[in-house]
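After this come two complexes, each holding subunit A, first together with subunit B and then together with subunit C.
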Partner chain A sequence: MFYRLSGTYHTSYAADRKLWKIPADRWMVILLLILAVLAPLYVSPLYLGSYVLPWVIWSAAALSLTLLMGLAGQLHFGFAAVMAIGAYASIHLVRFGVPFELALLLSGLIAAAIGTVFGGAALRVKGLYLVMATLAMQYLVDWVVVNVPAISGGAHATLRTPEVSFLFVPVESLAARYWLALGWAVVLTVFFMNVKRTSFGRALVAIRDKDFAAAVIGVDPFRTKLMAFATSSFMGGVTGAILAYCFYRAVTPEQFGFNVSIQLVAMVLVGGLGSVIGSWLGAGFVLLMPIFLTNVVSGLAAGGWVPVSQNFLSHLPLMIYGAMIIGFLLLEPLGLAKIYDNIRKYFLVWPFRHARS
Partner chain B sequence: MTWMRKLALTTALVAGLSAPVAAEDIKFGLLQDFTAVYTFVTGQYNQGQQDYLALLNAEGGIDGNTVTAIVRDTGNQPQRGIEAYNRAKEEGAILFDFLSTPVSAAVLDQIQADKNILITPAHGRGDASDGTVFPYVFPMMPTYWAQAATLIDHMKSTDGLDGKKIAFVHIDSPFGREPLPILEALAAEEGFEYQAFPYASPGNEQSAAWSEVRRYRPDYVMIWGAGGGQAVSVRTAIQNGVRPEQIHSVIWLAETDAANVGPAMKGVKRFEATASGTEHPILQRIQQQVIDAGKGSGDQANVGNSYYNLGVATMAIAAEAARLGLEGGQPLTGETLKAGFEKIAGYDAEGLLPAVTYTAEDHQGGGAGRVSEWDGEKWVPVSDWTVAYPDLIRRVIEESATKYKEGN
Partner chain C sequence: MTGDNVLVCDNIVRRFGGVVALKNVSVAVRQGEIFGLVGPNGSGKTTLVNAITGFYPPQDGTITLDGQKINGLKPFRIASMGVARTFQNVALFHGMSVLDNILMGRHIFMKPNPLASFLYPWWAQKEEIAHRRHVEEVIDLLQLAPARDEHVDVIPLGLQKRVELARALCAEPKLLVLDEPMAGMNQEEKEYMVRFILDAQDALGLTVLIIEHHMDVVTALCDRVLVLNNGQEIAQGPAREAIADPRVVEAYIGKPRNAA
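Right after this comes the complex of A and B.
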């Protein structure tokens, strides 16, 4: 009823290959996009700057990581380091005189190059062993950033982003920064939806499911794995640069620490591996839920509803948050994306019960 | 028609209740890390801050204005700190204390643009002491540079420094390396020799660094870390033949660490910016009017601890600044509060602090501190409040602040 499937026939290949075949989905996406673009007009600066903007950027990061973890099946526990390379590279490039647009691309390429070197470990090892190799990347990059003042920016290890403009628009006001981040997130989203249908995307899936079987049918594991690391690191590197210029505007090593890597992995897992909507939902959940819970619990405490010490009060949101993650994963192990999918499928044929897909 | 009358009456009543009363409510944002890295200090520190504000309000506030603390956990995550800052700013807070270097760094530029006050006692950038470059940031207390200088000054006063060897054992992070320029400059001036021994963060395991120290045979040892690593430093030092009396620590060594180390801790020295213990007028009044009245914000056993008193001192200075800021008769904003800070001259919080004076140039408050020694039960001061090598400290601050202006 809501999706009005009757009368929707795909009579040409082009119609059958559309990203959103059902008109209702298409309209929903268009509406969301319009709402997102107009957000600076109706969302208060508090919510735009502290919730929507970081959510958009972290969704882009989760999309970059899920290409590697969800599509290609290569675990990466050092993705924050990839973003750090992008962020530091872009700042130093702009300071060196490179135009911002070009610096973004170059920082992605630098991140891709370094990410691919560490991805080389994936050619030999899998699973937990690969986790160890990527963890090594995290710590090595951290160590280099902290110990080379030329990179980290002197004694206080803080590097402020220079003033830049993107296509003649100064990246200064909150709205401009938001639109740049949104633009990049939309590009990644569209890229990700399309890459699944290319030969490269199918090769990634083949590698994920069984790499020798993929080799037997003619997919070169060497090339495909390295390409997966390169693509994902490029996306992650540019996202790191966007994070630096659009959100933090002053880069410190702590912004790209090990805990951030774990957060990114959590976003991808809670959202649903290899899913676009899962990356958005997962990033929103992992990033914003602790903030939301902290504010709710503090609000209740201010009203005298939670008579506990400050220390316990601060840990309470973490407990609820942890219980929520376990709860969601028990309810639906395939993540938030699958929960969304179940709801959508239910309404596809509502008021009847059985959906085809 | 009755409903109209009711509506009018209700509106009048609601408006009457919410109409601004003459005295305003001053809001401070204490948006700190209760759950991640700084947990070793935040609990007691924040308890001291809240208890002091409770005392202040119980005694009639600042000229009749109450002070409310907005307390939130940021988990040491910059993006959560930014959210908490923006929210508290919207709620009307004008002074912020994050007690987290990464969060303070992330908010610093925004807070200056918004003309709100950021206090960074015992954390954050030392060069923010230069008020000409950082007009709205107040480190308030001796920077790590001043702390290192005070410790060296104390070593000099005990047994001289000429030809002596100092082992500087530090956590391998920007914070741990911060005193190095001071050591470098003073080594030449005072004729001592020093060597740095870094250990990996978070410092749960330091035996490699300390066996090197043992080979170096130092006369004095400086330890520079924070949290659980500090007790490990003291314990490992003693295992490696360093006498407790030789150990001099950064401000982050407190009663909890002494309890973790045990009796061997006796004789260890540390820098302190505030007096510890409950034998001070303010602490006594907190005990009577806040703790005994059941209005304390945490465990009563913490009252008088080093970090608790540090928290009390920060709020005492901030309240004094607010009082002076209100003197002009204008409402309190970030700008008037800044002016209030810069009017503070010779304020010592009834003996809890060395007398501090802030000026438009100096936001450190002079940088006076002293050295205290653990006598097995409490910290006993072994020096007077002194300002060590002020010219050197000022030079380092200005050099670093210039670099900030250039973008770092």
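Right after this comes the complex of A and C.
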């Protein structure tokens, strides 16, 4: 990030549309990717399994949701239900004898089909009313999963994921599960960036920004919104399956409840709507910050720095966490992604003040 | 200059509740001409444009584009048949750069799909670059190159209107509809805009339907005009003659007081 630049100049249209236009950015991405791939070698299994792995998977989930909420502007408060469909579908498909790779794809398609049906509501309603429609989806899917024993295995049952292998590698060891999740998250990240630089992404943003102006230049609102719901639900469905196989390894309906949907929305909002890096930062923040704060506060308490009662102590991290979310959104409504962008642009032209992207 | 009619509106009627916004308006726009739509506030100019572009389909009458009936079609269908328009209050997409906004103008020629985006290097890239070439030609024509990478909501209004014109031009329209392209501009910006419209018409052989309030602009640009008042035609014909019509003068500045 510490480099100076007089401007970015390209000699071809292809170069102008590169994902990372500045060499330093490219090097940073390659470095991060190498670090991420090699993580099982230097991160302790405890941290890898309980922090890094969920972070990677939830980032993929946040990316799926932000395609719909950030790019297409369609609010969705039932995204955990989409992931539940993917998770349950993949488990039943594999039990049925479908190869795991195909089951992942099919579970995504099933989630896309069901998600699109509910997304059809978006063609008639906007804003808060769409929130209600998607909430209905959340509760309906929850209810069906809990009350149909063929899906959940009974009201309070836990469904273990069968043993599978992905491209002949058993998805069993922590490293294998991590690599599968990381692979999917990287695929989604690259996909998302490609969407943003192609006509598909522009059509989504056009529908979000001004639907009448989009219609007047030939964007079909009906088709575009349905495509947004289908794509996002496909991504969410596969992510749900990955979450089941790579992290939970045994699913219950509570893992895909309403509170999870809200948490996903929080990730997307805190990270920054429609942003790739925002999805990663937002997921990391929402997942890891409470844990981090709890550790810091209890550490301080143990050292006698925070003289408060034990009862209050357990709530203190949550209060700080809430204050941080409000603070971030007050200071920068566009989320962590914008904060990152500001810092990046500052160093891009330092010691001068004005940056061109 | 002469030639076939591109757009024919025949006895258009549009009511909003009890208000009749357009009463049997008929108009024919010829290939290659700049046709002006003039009239006081509330006379139905924008309603006529909205009827043509499909936002308020007329309750009665027919609209044909190149002989094909277009009334009753959805706005995006009419757009893909070759009608592009700009709006009175700029309607750009605020989440995008100038370049992306103009690229949206090529939308009707592109086939957006998630799979193409996923396989960008093998699939979407070729299409993107081919359309980028067209867009760059329009950017050159309207001298928008310095603003290409800016975000649209940070550039001045005059430039935003030009970006909107560029977006409409990229659709290679059979009929370009401009709804008050000079609204809120100063004299210099107005002159620039007139020059750009004439340049674009010259380079691309456009047929233009333009709503405009500034009479100097109307007489400078338009081959023929239609003057509306209270949803009715009060004059139609070559620009200078139509504007000099006593009924038009009356509609704008009132009746001269009779000496009595």
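The rule we apply is simple: the second predicted complex is superposed on the first by the 340 of 357 C-alpha atoms of A that agree within 3 Å, B and C clash if a C-alpha of one lies under 4 Å from a C-alpha of the other, contacts with A are read in each partner's own complex, and residues count from 1 in each chain.
Definition applied: a residue touches a chain if its C-beta (ideal position, glycine included) is under 8 Å from a C-beta of that chain, and two chains touch if they have at least 3 such contacts.
The structure displayed is predicted, hence computed values, not measured ones.
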**Q.** subunit A as common anchor, with subunit B and subunit C clashing or fitting
**A.** fit
Q) Counting only touches as set out at the top, which of subunit B and subunit C does A:353 meet: first, second, both, neither? A) neither
Q) Roughly how many degrees, to the nearest 10, is the angle at subunit A when you join its Cα centre to the Cα centres of subunit B and subunit C? A) 140
Q. Touch check for A:124: first (subunit B), second (subunit C), both, or neither?
A. neither
(Q) So in the superposed three-chain picture, is A:317 touching just subunit B, just subunit C, both, or none of them (first/second/both/neither)? (A) first
Q.
With both complexes overlaid on chain A, does A:194 touch subunit B (first), subunit C (second), both or neither?
A. second
Q. A:13 contacts which: subunit B (first), subunit C (second), both, neither?
A. second
(Q) With both complexes superposed on chain A, which partner does A:227 reach: first (subunit B), second (subunit C), both or neither? (A) second
Q: Between subunit B and subunit C, report the minimum C-alpha distance in the superposition, expressed in whole angstrom.
A: 31
Q) Okay, in this complex, where on subunit C does subunit A touch? A) 53, 55, 74-76, 79-80, 84-85, 87, 91-96, 100, 103-108, 110-114, 116-118, 120, 124-125, 127-129, 132-133, 149, 167-168, 171
(Q) Give the list of subunit B residues in touch with subunit A in this complex. (A) 34-36, 43, 46-47, 50, 71-73, 75-80, 82-84, 86-87, 90, 101-102, 105-106, 108-109, 125-127, 172-174, 177-178, 181, 297-299, 400, 403-404, 407-408
(Q) Going by the contact rule set out above, which residues of subunit A touch subunit C in the complex? (A) 13-14, 17, 191, 194-195, 197-203, 205-206, 208-210, 212-221, 224, 227, 231, 274, 356-357
(Q) So in the complex, the part of subunit A that touches subunit B is made up of which residues? (A) 45-46, 49-51, 54, 95, 146-147, 152-160, 162, 247-250, 252-255, 259, 287, 290-291, 294-295, 298, 309-311, 314-315, 317-318
